[in-house]
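The letters A, B and C name the chains in turn, as written, and every chain counts its residues from 1.
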Amino acid sequence: MLFREPETAALEALLFVAKDPLTPELLVELLELDLAKIEELLYELRNRYAIDSCGLTLLEINGGYKLGTKPEVARYIETLYKQPAQALSNAALEVLSIIAYKQPVTRGEVDFIRGVQSDRALATLVEKGLVKEVGRKEGPGRPILYATTEQFLLHFGLRSLDDMPSLEMASLSEAEAASTEDSN
Amino acid sequence: MLFREPETAALEALLFVAKDPLTPELLVELLELDLAKIEELLYELRNRYAIDSCGLTLLEINGGYKLGTKPEVARYIETLYKQPAQALSNAALEVLSIIAYKQPVTRGEVDFIRGVQSDRALATLVEKGLVKEVGRKEGPGRPILYATTEQFLLHFGLRSLDDMPSLEMASLSEAEAASTEDSN
Amino acid sequence: MEHESTSPQVELPAYQGPLDLLLTLIQQEKVDIYDIPIARIADQFVDVVRQMESMDMEVTTEFLVLAAQLLYIKSRELLPKPPKSEQDPAEEEDLRQELVERLVAYRAFKQVAKVLEGLETSSGRSYYREVNVEGLLANVKPEDPLKGIEFDDLWQAFCKVIERAERGDEIRYVEPDEIAIDLMLADVLRRVVLHPKGMRFSQLMRSGSRMEMIVSFLALLELLKSGKVRAEQTTLLSDIMLFPTKKAWEFTVEEE
């Protein structure tokens, strides 16, 4: 029951290349058909895309139309484009551990404890949403204070930051014991 | 007589969002199907697009696949883009032919073969995305090297450079030698 | 130059360049490209170039160069051949040969250009979409950057920080008699800060040179005096324990 094949093809091609959604008014102009006909063609396209073997769909956005992909196939597209998560560097882990241990903390304090510059590692952590700025420290230069984020707490199953010191104490004493043995 | 509907849909969606043509090997990986099955699905898509009311087509470029619009509907898209199709000038076509065969090639080499300056035609081709810079030639002045783009293949409906008409010339190799000497 | 639009002169096609013009002349004359009657073609070439000039058409130097080249070859052909021993007999042949080769190569590319021109109109044009990858992934949750990282990994990283502080790399690489007191201050404070539950005095004294021990003791006294470190001794003979105070962190603020 097809009709107006060339215009249907043209409509599909237009929706395919369109960056912004195409309004029915613009389609009327481009295809030189009246509004009712445009609606009919859109209806036909929608029908065609309804079959399971079709990965495309007609998107209606703010009263305009364009083509998109069906939600069912999203995971394939993600696989195509998703970048594999990059493992955190040792430096980033060190900075993260220091911030977790003593937060809120300034970059200068982190640098001081590590004995090396930490700006790049810190920037990575902020970018990845593991660390965030939480204010400024009173004092000269009013340096930015950093703390871990909720995402960090969730990952390590920490209910709140208050959980951190107890973990630290338990493990610290062991390390201390070890280092004491060493020095003896 | 449909089969593997979800994978067909996924294939179509992948071709729709692909920036670069998708090779069969990559599709095997993304869809977790063997090569024969991928070929079948591509065949099915090609069939589906064959109907007159469909404005899309499966393009094969350099052994990869992506979706494009059918040439028959080009004028609608050109109206949408408000870019009336401008045929390339003779000079541009000559430069393009030379680059297609001798790529990567410098402007000096193109100039020598044509016996005339080609800077304007070359600039037009770069602007239209038919030609691109691909590096610099070793040697004095390190001149820019040019090559054709995927857009070039698409523009002329070529699947790959192998589809180019054959270059009939007995003494190309000698001329080549001469032009190389000249530019150095 | 007068512009008489009412009586147009001979229509001259636009040549792509001197090679294009030369090729056109050869084709018009229907002569073999490998056996060009140079004298005749050279005269025609010069005629056309003159015409182009008189019509105010752009005559680039390339036209003039080729015209000169053609005339030169022509003159060589007209001159009586010198005795073979005196002149290089290959020179004239070389010029001709080179010109023919360039013409043959140019002609081939011109033919391809014609084919492309045909393809451009006949095959029509396909269009792609512009793919906005960022937009596609806008709703995709980025992968967990902590994937595969366990608390122990974090703890190991922290231990490395402590280890490095205990090793005192900064101090180690300084000549013993040059250990600056503020370098040692930072070293001692760093180590005390990393042991919030207390650090043994005996642990603080690294078994190093006598000078290193003296300077670190002086640094500790300085830190006790400024209130950044607190010392405790529970019983008379027990180890002295050192603790960081709240003030310990003010040190690093000044650092910035």
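Basically, contacts are C-beta pairs under 8 Å (C-beta built on N, C-alpha and C of every residue); 3 or more make two chains touch, one makes a residue touch a chain.
Only a predicted model underlies this, so the values are computations on that prediction, with no experimental measurement involved.
Q: Which chain is in the middle, if each chain's centre is the mean of its C-alpha atoms?
A: Smallest offset from the overall C-alpha mean is found for C.
Q: Taking mean CA positions as centres, which chain lies farthest from chain B?
A: A
Q: List the centre-to-centre spacing of chain B and chain C in whole Å, with centres computed as mean CA coordinates.
A: 24
Q: With chain centres taken as the means of their Cα atoms, state the distance from chain A to chain C in Å.
A: Chain centres of chain A and chain C, defined by C-alpha means, are spaced 29 Å apart.
Q: Approximately how many whole Å separate the CA-defined centres of chain A and chain B?
A: About 34 Å, centre to centre.
Q: Which chain B residues reach two or more other chains?
A: 16-18, 67, 69-70, 72, 77
Q: Tell me, which residues of chain C touch at least two other chains?
A: Correct list: 127-129, 133, 136.
Q: Give the list of chain B residues in touch with chain C in this complex.
A: Where chain B meets chain C, its residues are 16-19, 57, 59, 66-72, 74, 77, 85, 87-88, 90-91, 93-94, 96-98, 100-101, 113-117, 154-158, 164-165, 167-172, 174-176, 178.
Q: Under the definition above, what is the set of chain A residues touching chain B in their complex?
A: Chain A residues touching chain B: 2, 4-6, 8-14, 16-18, 22, 30-31, 44, 51-56, 67, 69-70, 72-73, 76-77, 79-81.
Q: Quick one: which bits of chain C touch chain A in the complex? Just the residue numbers, please.
A: 127-130, 133, 136-137, 140, 142-149, 151, 153-155, 157-162, 164-166, 169-170, 186, 190, 193-197, 199-200, 202-203, 206-207, 249-256
Q: Mind pulling up the chain C residues that touch chain B in the complex?
A: 16-20, 60, 62, 66, 98, 100-102, 104-117, 119-121, 123-129, 131, 133, 136
Q: Write out the stretch or stretches of chain A touching chain C in their complex.
A: 13, 16-17, 19, 74, 77-78, 81-82, 84-88, 90, 93-94, 96-98, 100-102, 106-109, 111-115, 128-130, 137, 139-141, 143, 151-152, 155-156, 167-169, 171-173, 175-176, 179-180, 183
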